[in-house]
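First chain A sits with chain B, and in the next complex the same chain sits with chain C.
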Partner chain A sequence: MSAWRLRVKLRSATGLLVSTRPTQRHTSPYGPLTLCRSLSTGSHLRNEFFKDLEAQLAAFRKKAADALPGSSWSPLQINPNLPPERADIVIVGGGVLGWSIAYWLKQKEMVRGGVRVLVVEKDPTEHLGVLNEDPVDLQFNQSGYLFLASEEVAHIMEENYSTQRYAGAKVSLLSPTQLKQKFPWLNTDGVVLASYGLENEGWFDPWTLLNAFRRKAISMGVIQCCGEVTDFKYTTDVLRTASGDTVDLKRIGSVKVQMPNSLEYQPVECAIVVNAAGAFSGKLTEMLGIGSGPKDSIAGIPLPVEPRKRYVYVVHCPDGPGLDSPFLIDYSGVYFRREGLGGNYIAGVSPEEAEEPDTSNLEVDYQFFEEKVWPCLAHRVPAFEKLKVTSAWAGFYDYNTFDQNGIIGIHPLINNMYLATGFSGHGLQHSPAVGRAVAELILDGNFKTIDLSNFSFRRILTQEPMLEINIV
Partner chain B sequence: MLKIIIPTIMLIPLTWLSKNSMIWINTTTHSLVITLISLPLLNQFNDNSLNLSTMYFSDSLSTPLLMLTMWLLPLMIIASQFHLIKESPTRKKLYITMLISLQIFLVMTFTATELIMFYILFEATLVPTLIIITRWGGQTERLNAGLYFLFYTLVGSLPLLIALIHLQNSTGSLNMLLAQYWSEPLKTSWSDTILWLACMMAFMVKMPLYGLHLWLPKAHVEAPIAGSMVLAAILLKLGGYGMLRITTMLTPITSFMAYPFLMLSLWGMIMTSSICLRQTDLKSLIAYSSVSHMALVIVAVLIQTPWSFMGATALMIAHGLTSSMLFCLANSNYERTHSRTMILARGLQTMLPLMAAWWLLASLTNLALPPSINLIGELFVVMSTFSWSSISIILMGINIVITALYSLYMLIMTQRGKQTHHINNLPPSYTRENTLMTMHLLPLLLLSINPKIILGTLY
Partner chain C sequence: MSAPLTSLHRCCQRSALLLHVARQRWSSSSASPPPLHTRLLLFLTQRFYDVEMLLSWRSQLTRNQLQKKNAYYGYTQRFYGLDLASAYFILSLKGGFRFAGQSEWFYADQKGKFSWDFLNHKDTLLEEVDMSYTVINYRGLCNLEGQRSLRTLKLRGCPEVDDWLLARLHVFQDSLEDLDISHCPRITTGGLAALRNLKGLKRLDVSSLPGILSPGLVIILLEEMLPQCQITATGYDYSLNDAQGEEEEEHMQRQR
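The block that comes next holds the complex of A and B.
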């Protein structure tokens, strides 16, 4: 019996010794038998016994917790994906605006770790990135934008031209003959005037920009969380105006973040909430009771941002306009631009008000392309009569139903919610500037670089739209 | 002393048997009344001590600290009312019980005659504090904070136990009053050197000394308001009190054994003051300022001159009140904005002017403005250190300047400047908060009229 035991020990001992570093052999004066553990600290050397013990201990703890009634308090962190219990600033929405704001907040804090920022994003499938060390190359194609104007809107284009030249943008106005000279593939039928950006105008890769902001922000200490904000805990202060009406001012105390596909949630106590939720910002403010007051009070005015589905189609046309084609926007609203160097183009159009597609899903309607986009494209660029749709996607615009322009600033009825939403498709181009502006608002108290106070929620209260002319 | 201890013990049944609506009222008023009982102890009629029994005594060193402890309990209870609103009555009563048991241990610690009893209660104060930090603290980091707090203090004080038992064996008694007369001078041998270290390290960790101070910012920041108050105001002073008591038995090798700790403290107070300038978290700033002030006390105790002892005791009382008040102010900020970050709540003077007045007074006493007792303490320490070594005046001077810098930085950052947009609707200061600040400030300001009460045994 003892001999058998000795043999087993010897086998396990030599097994252990063999599996250690082959260069060094530990020998004790009493032979390898007595030295069952070597002195290295690699994890693979842990004895089976201890591994079992740990597993058994975990199982025991779980069993005890299940058996005993009582509080759910446990000193161990159960789910590593949960957001922290406290953050100073919670940014709802991890799109390009949200991450831009996070980046600028970290950039502006004067001390490292000054503000604790958490970005909550509902759908991270589009935002997973791979860390790499190359400098950010946004793939900026400087091919410029080409706006076409018909008879009715030509005067607006001229006004815009003078504004743009005054601001320093290098744009030029082209007549139809000049257009035909420059872009022989273009059909100038119905075009009276065109505006072409000569320098520093074009398109870039939004995915790269988002990832750049995101990576940099995370490296500076911003915490990212994948979850959905489902509720707020707020305190209400009831004030009375001079005429005797009551006004409810709310202060958000904590944000309830729900984990994806699970009932688990974490209330995050916070000082400031930034609403950069894009298409769903309206829904977010509804949770706070904005829009559900009496019709003639401030509380009755909802945040006029709702999701609008837009389709983008990728088409392949080998005989298309070629490498010098700009981002062309027709006066009918149809646009296309070159994508890459292989004869692919991206095209689309904003649907009419009456024909807004259903926003409950992100499915693409190819019928829409056949009926609305292709005829105009083919009319404007004859080469596009023969094209093939290779793929398409749909996305939500955070459409500001009031005046299709962004809303930046604090909401009058919620003391600590900053809005940065409603850009109606222009969020990407505005994101660096708006991020910086919101960071200045939060940390400095007012705008410093550019005064964006015209974008505040006030214009919605006073019903004075700030319309931009000639938008896509 | 039983006339203080028994009523304090009876506060526990008072808490548990009160009606739910009367918990706070009962405990606050009764603890205030118990404070009045400690006032007669101020009547010290000779230079020795007031020996009330074989187990308890009080002299002019322990009396101010005892009064500070007892004064602080009603203040802690007042300060905790807001953040415990949502808890169940049982939890509230449990919290108050923790505070009261901490109070019992502290009262007994400051009046203990026997050093072993002092030690046992010194360790016993860790338990309620740990429970308060880890159960009612704010964030997940509180577990780490509790761990640091517990183990730093335990590891530091275990050698003290061994040293005390050895002293009991060699001298036959650990009665503090007798020990000063019976103790033999220590020799420069290894064993006596280690005995010196063993006795002092527990208090060095508690003060805390600069190199051993890591537990303090964590514990202070993560603790709830009452925990922060008691930590800053009293528990740190336990270390100072212990050092003051035990140095009488550790002569004469203190003259050279103290050098490393003196250097660490002199350098550490400048370091921690400088760290305060770069803090973004308000509570963390006040915690580091505590380390800086306590470093002054360590220096004073180790150079062992009459003026330095007076300065040390005055500084301990003054810092206790000031630091506790600063934590209460920071907490009032936190309750409104849910954030401890300083840059997120600025320009509060326009919104809450009375609170701004308390902030101003607290910051001014923190930077040792004349004629407050903070100044008396610091001045005595600086002067005695100068007489010990002329060069130290440079370090002390730099420390005083940087202390003024960060106190004013904290004041300007939170009170002055343009307000941030998201604080435009804060609830105004509650009477409870104003009472709290007044009760901190009144002793602080009145003591500057008659500081000899707090100048300790050598006045």
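The block that comes next holds the complex of A and C.
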């Protein structure tokens, strides 16, 4: 009996050491004198005080640690979301191109931490920040593309076929009978020739690619910032040409990054700015005065990139083409592809120049589907007469009004701004290659792997469009 | 004669490779936390640059070794011809093959030793190739691309066979009749769409592919895509009950 009581006393003693809870069973903190139930209300408050004591002691310890030198507390609360005050390279635009450039810059730097890269994105989503070594599954659907050509454009398709074969792409040309045999659900009316991809052709999930680039770049030390670039601080060198005209050469000194929904901003001093802002790249260069000079000078030529709204519709058709349906692109411009396994398809078309939708919002026009997309789809694939639109979205193309091809390289009037924009809907497929090319341009000074000098701004100055010879 | 012994050796090879495969898939199918040494390594990697560098060297080394094994045997092709080069490639990767018109199979044993008798058959095309449980990947397939009369291709349990290799199989579209890609962990639904070109296929085995998420639906779509083909798809749990959804996941993971 006594041993049990001794053990209990020991346990209670250790209990005292571990926590500051003095009350156990029926004893009160004031010893055995008040063993009976006390009638005063004061003891209840005193009990609460001692229950709180532990929490209060912890808060006191934390405050003491903060006040001592060596802690990071400061009376001026600084917004943790602000970008750093200095960065070597600021990439304006956190789309797939921007993050691809950031990844390749970090991949190519010779020493760890060689370049300090900041990516500024106006409208990001969640940030994971996990050190991952897993291979990334892009969900690449190896179903190939199928381009259909009518009689007028068949010769262009044949030329393209020989170019593609020469470059090593595994494509094949199909006649209407072969088409009918391969794809019995297709209506080959008006189709004279078709180009079908055999190997390494298909579609993948762009969001996965963007996230893969972002996570890898962040794991290698790129800083991400959610904000909008609203202004530049630059210095101007005024040079005089042989004929006496003045040319202003600008050099960006710092970038003003505005925090979302607030008046707070942070000027980031930088050495190089990369314009990967997509549909809003034109607006960015306007801030530097490009396009507002006299009409017949270089400063008067604006960056010809503007946002164009495009609709994509998700439709459901139970009897549509199966697992082998390729990404079909008709010569009228209408396209569709299979999405998932449940009979869903994604369809759309590029509108005519005269009927470009309004770019002030991202509202979807379903009337456009019924007038422009559905008739062509139903004509090409009779099974699509019975379909239902389940959802749709709209997005902006960074449309190059000059020749619908990308602009890569330094701007002639701004010494340290690199352009990587204007891909007019092809940015995703070009993103890994263009990212590496721009990283080479910045770190090595010249293109090393693929020479993309044909894409420079020079062709806009000399007004020589480089149009893609395709049938759409 | 040596065939039963070699098949016994290959059984042991098989289990070793499957374990390796299971360990690799740990990180992607993480229902339970990874083992202690993996967690310790990850902890150290996040804190020390040296550990990170050593681990990246190790993964780079394994990748280089894999690419070396799957290199293009151009030298052999120049001196011995396409067919002997393909045969040599298959034997170096510890696979097996059978010449067209012969009934004898040539195998390499577990240690990589093989007999050089196959050199006697010059300029004979290969008819059946068995590369099960080898480390062939899409680059290595370029050594087999000259075999336009290939009828059977077995790629059972290969850890490096993925969608890109399936896309490259279109070169055999006229002759290939039997394809076995079961137990390959890297194949996904997108890669199965690449089999659309193999119109002459008569038998296809897609059992126990851990990368496919809704196997029942995918098998039905495959059957529609290849109407003349007989598709074998065992090792999947087709239970439809939603309440048993969790059990189904556990079952699938146990199979992996």
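Details
By our rule, the second predicted complex is superposed on the first by the 383 of 472 C-alpha atoms of A that agree within 3 Å, B and C clash if a C-alpha of one lies under 4 Å from a C-alpha of the other, contacts with A are read in each partner's own complex, and residues count from 1 in each chain.
The rule we apply is simple: contacts are C-beta pairs under 8 Å (C-beta built on N, C-alpha and C of every residue); 3 or more make two chains touch, one makes a residue touch a chain.
Just so you know, these numbers come straight off a predicted model, no measurement behind them.
In the superposition on chain A, A:Lys106 makes contact with neither chain B nor chain C.
Touch criterion met: A:Pro84 reaches chain B, while chain C stays clear of it.
Contact with neither chain B nor chain C is seen for A:Arg310 once the two complexes are overlaid on the shared chain. Of the two partner chains placed by superposition, A:His411 touches none, neither chain B nor chain C. Of the two partner chains, neither chain B nor chain C is touched by A:His426. By the touch criterion defined above, A:Gly202 reaches chain C but does not reach chain B. The interface of chain A with chain B does not overlap its interface with chain C at any residue.
Across the complex, chain B is touched by residues 75, 77, 84-86, 88-89, 109-111, 113-116, 237, 239, 249, 251, 253-254, 269-272, 410, 415-416, 418, 441-443, 445-446 of chain A. Of all the residues in chain A, the ones that touch chain C in their complex are 112, 131, 133-134, 137, 139-144, 170, 198-200, 202, 204, 322-324, 341-342. Looking at the complex, you find that chain B touches chain A at residues 134, 138-140, 143, 278-280, 337-339, 341, 343-347, 417-425, 427.
Here chain C touches chain A in the complex through residues 27-28, 42, 45-46, 49, 55, 59, 163-164, 166-168, 170, 188-194, 196-197, 214, 217-218, 221-222, 224-225, going by the rule given at the top.
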